[in-house]
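Take a look at the structures below.
Two complexes come next, and they have one chain in common, chain A, joined by chain B in the first and chain C in the second.
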Partner chain A sequence: MIKFANVSLIYPNSTTTVLENLNLEISEGEMVLVIGSTGSGKSSLLRLINGLVPHHTGGILAGDVSIDGISTQLVKPGELAHLIGIVGQNPVNGFVADTVEEELAFGMEALNLPSDVMRKRVEEVLDLLSLAALRSRSIATLSGGEQQRVAIAAALVTHPKVLVLDEPTSALDPIAAEEVLSILHRLVHDLGLTVVIAEHKLERVIQFADRILYINGVGVTKVGTPEEILMDSPIAPPIVHLARALGLKEIGVSVREMRRMTQAFRTKDFLRATHSPVSGDTKIISVESLGITYAGYRALKSISATIYNQEIVAVMGRNGAGKTSFLKAIAGINQPDSGKVRVLDLNPQNLKGKDRRSAIGFIPQEPSDLLYGQTVLIECTQADADNDVAVGTTATLLDQLVPGVSLQMHPRDLSEGQRLGLALSVVLSANPEILILDEPTRGLDYQAKRELVSILIAFAKNFSKCVLLATHDVELVAELATRVIFFADGEIVADGSAIDVLLSSPAFAPQVAKVMAPHPWLRVADVIAAVENS
Partner chain B sequence: MRKPSLHPLTWWIWAIGLALSVIRFNSTVFTFVCVGVVTVVVFLFRDDAPWGKSFNWTLKLSLWILIVRTVIGVLIGVPIPGTTIFTIPILSLPSWMPGIRIGGAVTTERLSAALTEGLLICTIIIIFGAAASLTSPHRLLRVLPVYLYEFGVSVVIATSALPQLVTAVARIRQAQLLRGQSLKGFKSWKRIAIPLLEESLARSLDLAAAMDARGYGVSRKRSRYRPIKWRYLDSIVVASAVLAVGLS
Partner chain C sequence: MKNLTSDIVRFSYKNASVLALASVLSAAGFLWPFFYVGTDLPQTQLFFWGAVGLAFLLVVLEISSARLDAKSVALLGILSAVIAALRPLGAGAVGIEPMWFLLILSARVFGASFGFLLGVVSMFASAMITGGLGPWLGYQVFAAGWIGLLAGSLPKNVRGRLEILMLTVFGVMAAALFGLLMDLQFWPWALASGTQLSFIPGGALTENLYRFLTFHLATAMAWDVPRAVFTAGLIAVTGSSVLSALRRTHTRAAFLTPVVFNERVRQQKEV
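Let's turn to the complex of A and B:
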């Protein structure tokens, strides 16, 4: 179906080749997962399939990519629209219509399909992705998961033979992600659709993939079954790390396989580790019966919580459950209509300038919103000057967080992880008492996530500060959080230590916990510690 | 109240009609009436969508233009005789710029002429700003003929980029506020403009790529899923504009 023959790709003004001499044939009905660290060229590879690279982006392509026998060199991306459906990293940016139905029809209208065919197909795809209830809704009002489903539906409605998805679950909560992936799985099996998917959160997709294509960022690619590739790949989901830690000869890619392999191990006796809840004794944030309403919609309903120093609090819940509203209320941007928020006994809404910086550090969903300098250096010196710290403090901090960032680079040209590192060092240079992060792991690979985890733990423990983060990433929460506050529909439904909250619901349990149940272990490190202690 | 769904061209035709009549009438009273009517119509009929909110910015922009235009009109130009309100010192200009004067007596006539001219420009901006905020750019694209392909792509990108700019401004301002930056003064605009510009560029490229990947403009013929019909309400709106032109 898809054939890469001796494909090499290089972008102008770049010294490294993205792909070098890639030979790959993907047959009909196969699901191929593309993995690699950020900036390694996964997106480029996906966009090669329908010719958006190089037709749309420039770059020098050697070799040939052909789809169903048609070479992408000879036709424009639009002429492959009937064969390939593509869903980009940010589906919102690609929407061309206002309502769900119009969006679905757009591609078919462009292909000039007769109206009765369109009617039938729209109904079909609405059912397939359970969107029927949303058909006349405006796309702008949908949640992230719903928008993602609309984008997939819009790509499927033209009955393509190939579906290409770039990080389809990065913005979704675990349940919505599972929903999207199982739909894809069904399409592969029922309709023989060929799917190529790029994803960082391997724990979500690995069990559905037939083959993995690994890109290392300097042109080298490796193709094989998930077991072959993950055996020694630096990029691997927690269960693979678990298998390696336990010294298993084989690795399992799904929880089911791993449970089978670890049966003997799990029946051994282990000392029950005692978990002492980590928290300081100084009250940092207190929220009392907080309520927030946007345009008639009650985002938060009478929320109360107290957060102490040294705590790392993960705020979880579905898309639209009120996580961001809660964080913004603590930061003092939202006007609460009832209740009160106190940060260090101050009203956060009154904090200005330097006082604000030294009290609350906030990293928004788009870390680049904070940045406006033309180079990393300008950004760092600006932060030094703002916070009256010695020249070079921020740059040193940045070097600790993400080593090797060139100070002359433009912040836009950094990778996601580096940009987050820059925003973090700018915020941390003010030495705030509270650090708040809104969805910090979108688009971060495992390496960058590990770094983030160690930075945040050091910040909370060594400096006795508190960290709040909203996230969908269960594995990150397992590694990092001491406490989890779980939101649903504007209310707190669970608030407790990370281990209690995560283990109490199967959907939000991390992979290690699922494999090792009923042992209360969240991370590979917990398992190793238990083995050593017994 | 359920908002009526109008044909995407309706408000644009209406805007052209009003603009014509404003120019032909050339009366301050009529201009003010027109701005009033347009504003009321926008606040009644606009959608709760990004482009709907762009009208507030149109109003701010035109007020700014009015001020700048009036100041420049008063400062520079040919002297108009009349009642002097006050006098500013005349700037001496080199001899190769004859006939131009900066400063001098400010007369009531000069001030009112500058004001009316500025007002006319602003009214036309407001009228078309209203049309833009009342019409969904995406629906507008659907009624444009396909042979305007390149044009269509640019229109969609431009019209959907502008309202998204407005939401992005709010988001970035909030982020800057969180960084403890002041939101006043010229510098703060620089801080917002740079991330904004970069983001909208990236967004526009994404949208163009998405439209291309979905086959927009490949087939010269384009079928309609739900044809947008011209209803009697559209005719009423257009008729009101035609009436305004006729009266002027």
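Let's turn to the complex of A and C:
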């Protein structure tokens, strides 16, 4: 269906090859996963499939990419629209119409299909993706998972033979991600759809993939079954790290396989590690019966919580459960309708300017919302000046967080990880008492996530401050958090040490915990520690 | 096989000549009072409304049949929507229409042809939004198109503060020009005949010109001066950041970037 023959690619004004001599044939009904660190060329590869690269971006393409026998050299991307459905990284950016039904019809309008066909196909795809209940809803009011399903439906409605998805689950909570992936899995099996998918969160997709294409960042690619590729790939989900740590000869890509492989191991006796909850004794944040209502919708219903220094608190829960509202109320952005919020015994809403920056560092879901400068350098010098620190402090901080960011780049041209690093160093240059992050790992690769984890732990432990983060990423929470507050429908349903909360709910348990249940281990490091202690 | 990614919309000679023809027609629609030889107030307005509408239609047809590719359409659509939405923001206030600065800055970055289209489409769209449909629409649409066209034709190599200064001055002129043209299409009908400022059908060119300018200065100050000050002020304040955002868009859209299909990618570099 898709054939790459000796494909190499260079972008104009660039000296590094994005891809070098890629040979790959993807047959009908195959699901191929593209992995690689940020900026390694995953998106370029996906865009090669429908000819957007190089027709819209320019560049030198050697070799040939052909889809269903049509070479992308010979036709413009528009002429492949009926063959290929493409779903971008952020579905909201791709929506054209206001309501679900209209959005679904839009693609077919562009292909000039007769209206009776359009009607039929809209119904069909609404059923296929279980969207019938949402058909007349406004897209803006849908949750992240629902929007992602609408985007997939809009791509499928033209009956493409190939579906290309760029990080379809990065913004979703584990359950919504599962839902989207199982629908894709079903489409591959029921309709023989060919799916090419790029994703950072391997733990979510790996079990669905037939083959993996690994791009190492300097153009070299490797193709193989998940087991072959993950055996020695530096990019691997926790489950594979676990297999390596235990010295298994084979690796399993699903929890089921790994449980079978570790049966003997799990039956051994281990000393129960004692967990001493980490927290300081200074009360930093106190929230008392906080309630927030948006246009009649009660986002938060009487929330109370106290957070101490040295704590790293993960705020979890479904999309729309009230996580962001909670963080914004603590940051003083949202006006509480009832109850009160105190940060260091001050009302965060009254903090202004420098006092505010030195008390609360807030990084919103989209870190570029904080970045206004034309270049990274302007951003850094501005932060130095704002916070009365020595010239170059922010730039040095940035270099520690994410080395090798060019100071002349425009902040919006940076990769997700670099942008987060920049926003983080701008915020940290004010040396705030608390750091609040909303969904920091969206679009981050494993390497960047490891960096983030070590920065945040150092911030909380070494400087005795506290960190609050909202996230869907259970693996990150397992690595990082000392405490988890779990939200559902505007209420706190669980609040306790990370290990207690994560182990109590199977959907939100990290992979290692699922494999090793009933042993209370969250991370590969916990397993290794347990082995060493016994 | 070597070629380029598609360019931002640029008029071909054929397009440009259609545009010139349409411009002459609509210019006649504006300027007829000075050259009219009859003595009664004519019904020519109908003819000229038609002419302006036709010219507008002609240009749109000509261009849409030609080479508007996806990237140009996307840019045109988004910028038009923003401009059209900005226009009614100052509704009611005297001449304060926060659309002109963006039209001028966009035309500056994306060129004269794009500027013309942007002016035409955004003015039309904003009329649709505000319900401001009427005989004056054709004139407004063309005037906005010309302002875009002129802004896109300013000298290219001026950069930095000088560029902002140039655009600010242009903003004042454009605002004044728009006011002048709107008054011109309206003047013959605005006043009952016989006043000192009224149009004299078939009168001497100098006499009518004098009367018109007096009329314009007497009536338009309340609209044109705030519009000019507001537009120029917005350009002066936001100019450099808006320009750099638009220029970045221009770079990212990779217009006219070489697309090469080769045997090997390195071939070119070794030469």
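Quick note on the criterion: the second predicted complex is superposed on the first by the 534 of 534 C-alpha atoms of A that agree within 3 Å, B and C clash if a C-alpha of one lies under 4 Å from a C-alpha of the other, contacts with A are read in each partner's own complex, and residues count from 1 in each chain.
Going forward, a residue touches a chain if its C-beta (ideal position, glycine included) is under 8 Å from a C-beta of that chain, and two chains touch if they have at least 3 such contacts.
Since this is a predicted model, take the numbers as computed values, not measurements.
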Overlaying on chain A: chain B and chain C, fit or clash? clash
Pick one for A:265: touches chain B only (first), chain C only (second), both, or neither. neither
If we overlay the two complexes on their shared chain A, which of chain B and chain C does A:368 touch? Say first, second, both or neither. first
For A:10 in the superposed arrangement: first (chain B), second (chain C), both or neither? second
First, second, both or neither for A:426, with chain B first and chain C second: first
Is chain A touched at more residues by chain B or by chain C? B
Contact-wise, after the overlay, does A:88 reach chain B, chain C, both or neither (first, second, both, neither)? first
With both complexes overlaid on chain A, does A:357 touch chain B (first), chain C (second), both or neither? first
Using the superposition on chain A described above, determine whether A:463 touches chain B (first), chain C (second), both, or neither. neither
Touching A:56 in the superposition: chain B (first), chain C (second), both, neither? both
From 20-28, 92-100, 146-154 or 164-172, the chain C stretch with C-alpha clashes against chain B: 92-100
Give me the intersection of chain A's contacts with chain B and its contacts with chain C, in residue numbers. 55-56, 78, 374, 412
Could you please specify the touching residues of chain A with respect to chain C in the complex? 8-10, 12, 17, 20, 54-62, 73, 78, 374, 410, 412-413
For the complex, which residues does chain A have touching chain B? 47, 50, 52, 55-56, 76-79, 81-82, 84, 86, 88, 90, 93-98, 101-102, 105-115, 118-119, 122, 138, 140, 154, 158, 331, 333, 351-357, 360, 362, 364, 366, 368-372, 374, 386, 412, 426-427, 430
Any idea which chain C residues touch chain A in the complex? 1, 4-6, 70-71, 241, 244, 248, 252, 254, 257-266, 268
Can you list the residues on chain B that touch chain A in the complex? 47, 49-50, 136, 138-139, 141-142, 156, 171-172, 174-182, 190-192, 194-195, 198-199, 202-203, 205-219, 221-226
